[in-house]
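There are two complexes below, and they share subunit A, which is joined by subunit B in the first and by subunit C in the second.
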Partner chain A sequence: MTTDITLMKGNEAIAHAAIRYGVDGYFGYPITPQSEILETLMAQMPWQTTGMVVLQAESELAAINMVYGGAATGKKVMTSSSSPGVSLKQEGISYLAGAELPCLIINVMRGGPGLGTIQPSQADYFQTVKGGGHGDYRLIALAPASVQEMADFVGLGFDLAFKYQNPAIILADGIVGQMMEKVTLPPFQPRRSEEEIIAQCPWAARGRQANRQPNVVTSLELDPAKMEENNLRFQAKYRQIEENEVRYEEFLCADAEYLLIAFGSSARICQKAVENAREEGIKVGLLRPITLWPFPTKILSAYAYQVKGMLSVELNAGQMIEDVRLAVNGKVKVEHFGRLGGIVFTPDEVLTALKDKLIHA
Partner chain B sequence: MELNEIIKPENLVYERPKLMNDNPMHYCPGCSHGVIHKLIAEVIADLGLEEKTIGISPVGCAVFAYNYLDIDWVEAAHGRAPAIASAIKRLNPDKMVFTYQGDGDLAAIGTAETIHAANRGENIVIIFVNNAIYGMTGGQMAPTTLEGMPTATCPYGRNVALNGYPLKISDLLAQLEGTCLVTRQSVQTPAAVRKAKRMLTKAFQNAMAGKGTSIVEFVSTCSSGWKMSPEKANKWMEENMFPFYPLGDLKNKE
Partner chain C sequence: MKKEIIIAGFGGQGVLSMGKILAYAGLLEGKEVSWMPSYGPEQRGGTANVTVILSDERISSPVLNQYDIAIILNQPSMDKFEDKIKPGGILIYDGYGIHTLTDRTDITIYRVDAMDTATEMKNEKAFNMLILGGLLQVQPMVHIENVLLGLKKSLPERHHHLLPMNEAAIHKGMEIIQQV
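Up next is the complex of A and B:
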């Protein structure tokens, strides 16, 4: 058993945090760069300690549907994968959202499209925050920038998922998954009892007790009037999440004349770029969205009145920039800088891009 | 004279299972689903598993199985029921978990989930209704459609050069170490119904005893999809389906 403060990979931190957080089940399929999550869980054998179920599924499809089944019984269940595998999971994710089931999904992104590369990328932003699967639904999307946040967001993801009866996703990338950092693991908490699950999830299919109607977990409704009602209920829930759950971090924004917007490991690189810029006397700040959905729209819209330009810095061809532009609604110039296909930019490249695209443009 | 005066407890020889509700069934006249639903309701009650059972309904005609049996249900994506059932049973080992699947669901889109759940020996029951056609979508070719049998997507009959062979998936599943019972039944006569119920009961007992995966295939009719009267469909099933999908136990481990 690991001590509370330890040095480990982001992927390993997720596995340890899951055991400690009282997760009931993990279902996954190996794929680089996140296989350490399943490997660590199998090595820890939590079924002997907390009673957590860990199962290597025959496919990503099976894994996400195992999550659907577990979640339908009110259990705290999760899966993890990387980009190509998460594409396979989209069917199940749509069903989870449609049946309003809480669960946690982890995507440790790699470069695409297709089989792509095993190197880090942030090119699944659109897939994560704009849909991915079919239908009008949203995922609560958390973007960790450190090994510590990989551990912390397991608990946060489940808390939000159960609070809103909605799937949550940790959108990490190959850097955060593979790099080793010091991490303080959460304290152990027991898995919920049968009574606690029934109290928390009265809708769960756990066998019909004589004193209640059957619980049916489904996303199907053939009556269009009722299906519209269901959709309106989802949308009302999404508006509530947008109101209550936006999370972001600011770094030297108070006096900033230019703003970098970056999430996950890109934000770590941008932090250094901000420091370098300030040494040169350029007032740059960094706003790091922690929730990619709900997106920190209001704060960005406020900074539109303060700064001369914004640079959306992403390991992709320009995805989050669309949400930044929607947030500022034309009030300030917004440009994008990124590298593709598994190449990671340096702080110098970010600063050069800021100068070329905004300061001297 | 009131009904309860006519049917005194000592005279009662048959009643609708208590788990079946009053919702009018959407199944076509002559369809086998209604009888199979009734058998499930009886077996659950006979074994006293009303409060422990979780059913997984498929995509296909039986998607609305949850409307007719008053137990807890989870509605699956097409073909994924065995994966869903696997997780439910592992996370809730004291529950009785069964899937209810058609031939397209189980033997085409869900082949991988079916074979791997059975190969892991999940302690679940897989109820497989094989009527050799996609009923819900209007009578298209199924993996189990017989050679020469016409459907909406093989209007001139299944041509194995074009469509491959009908899949005897239960024979395949019987080869797996994880399965303890693989049996092929039917419900077109009272005798067949009684025999099928015995095997279904055994399957449910196996799951609760942790003996591995039990598969109960029901060779069935689809009079709408086959474009036959219910009576003719039963005869056609006996003459054409039974020779290719012979009834009986493919595996029955004690």
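Up next is the complex of A and C:
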């Protein structure tokens, strides 16, 4: 790819962005609808240019544990999968969070539960923001709504992961993974030198220097008092992330009487629904959480005093709606609209649901 | 300018690549573009479709209820999409694949006998370029030279010897399209 502005799939954009962002290693296992990430990386052969390792592991479990190993040495490492594969990775993700290791995980969601379907879905919201693996941990969760954001969030995800020593996840879906749009790829930046990694990651396990204590990277702590201390440290870090890293986008919210709340590709469909509603004279706005955790609680709580109702529009049976309801705390009516199992709603269906559930209810 | 287009047919007919070439041509003209495919097993024998949007402004939804232009290449797609063409919109279909045409009178209907022509040309691979030529004849939304550049970009280099054949098919398609 010679030009920086080009037409590509969201999955391909992630692969190109990873190479350009100086990522050290990708470990993955193919699954629809995200296999183009691994395919594109293999076709680009970055090991010959930047030195980036690209490895098809024997399984998702192997891939996430390779990420653990790479991250423990301070390397910029990532993995990607789709829903069933991300379920397999959950143990490793909990360990990464418990060991405070920065890394990037990508989930291009498909319909579930189980092996489900290969069509788009957003039913892994709970898994992503409410746990997934065991223990009191959080993932910094970014929800891209365009091919451009698929490219941009690779860099953003790694920046946040290293800033807070915490795993970050890009929660995408089959639409944004498979669609092609115009994208401006980020400029090339070299992989960090070994010295730069040591300076950035003084905690990393890289072979002990003669005059310092060994660095230990682990999630294990058998002394409960120390384990509570660790947890309190994690929680303090999570509060800091909630304070500093909330991201969202507003579309025609200023005079809105009703608010749609949607993330990822659903937000794109909702934007069209808002445009159509405005043509009919209905004052609707769209609030798109870009970070699903930390969730844009404060702004939603503020809009609770302005609007007559909120509709949480998701490709699932109602997951993000719980966070919307917590944010508005009963001050305004919040309803949900969704399609399930890989069926994608159209802008018309969203507008009809808004009328049925809120305007004429 | 904004064109919302659905191209629908059987997997293997070149539905997705036709859409890709159109999107590339739009990109080269500085337009906003989106290309949203049906993906998965249907690409290998079932029905396949792609939504292509070319616009001067930022595109909101890549998923649509209604289309300005529907290019329909088999009967199941006709049944699925005939009601989803905007009033005043355009339907282009291949005469070979369709036995029951829509009875809508509020749209303009064109027929391209692409399958028959491709068979005559002894080149079934020219099918989608014949259709694309027909589209560009009745809706010149992008310049032909950019379509050819798009074609070049989306064909792997080992197939570049096929470019003149594809270009000829586009021109042939422009000749054979007729209003119904």
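Quick note on the criterion: the second predicted complex is superposed on the first by the 359 of 361 C-alpha atoms of A that agree within 3 Å, B and C clash if a C-alpha of one lies under 4 Å from a C-alpha of the other, contacts with A are read in each partner's own complex, and residues count from 1 in each chain.
Everything below uses one rule, namely that a contact is a pair of C-beta atoms (placed from the backbone, for glycine too) under 8 Å apart; a residue touches a chain by one contact, two chains touch by 3 or more.
This structure is a prediction, so every number in the text was calculated from the model and none was measured.
J.: Can you tell me whether subunit B or subunit C touches more residues on subunit A?
T.: Of subunit B and subunit C, more residues of subunit A lie in contact with B.
J.: Touching A:S59, do we find subunit B (first), subunit C (second), both, or neither?
T.: Only subunit B; A:S59 stays clear of subunit C.
J.: Looking at A:D348 after the superposition, I want to know if it touches subunit B, subunit C, both of them or none. Which is it: first, second, both, neither?
T.: A:D348: touches subunit C, not subunit B.
J.: Quick check on the superposed pair: does A:L259 touch subunit B, subunit C, both, or neither? Answer first, second, both or neither.
T.: A:L259 contacts neither subunit B nor subunit C.
J.: Now for A:L292: first (subunit B), second (subunit C), both, or neither, which partner does it touch?
T.: neither
J.: Show which residues of subunit B lie in contact with subunit A when the two form their complex.
T.: Going by the criterion above, the answer is residues 50-54, 56, 63, 66, 69-77, 80, 83-88, 90-92, 95-96, 112-113, 116.
J.: For subunit A, which residues count as touching subunit B in their complex?
T.: 24-25, 27, 53, 55, 57-59, 61-63, 65-70, 72-73, 75, 77, 91-92, 95, 99, 205-210, 213-220
J.: Spell out the part of subunit A that touches subunit C in their complex, as residue ranges.
T.: Listed in rising order, the residues are 5-7, 32-33, 118-119, 174-175, 178-182, 265, 268-273, 275, 344-349.
J.: Over in the complex, which subunit C residues touch subunit A? Could you list them?
T.: For subunit C paired with subunit A, touching residues are 20, 23-24, 27, 32-37, 39-41, 59-65.
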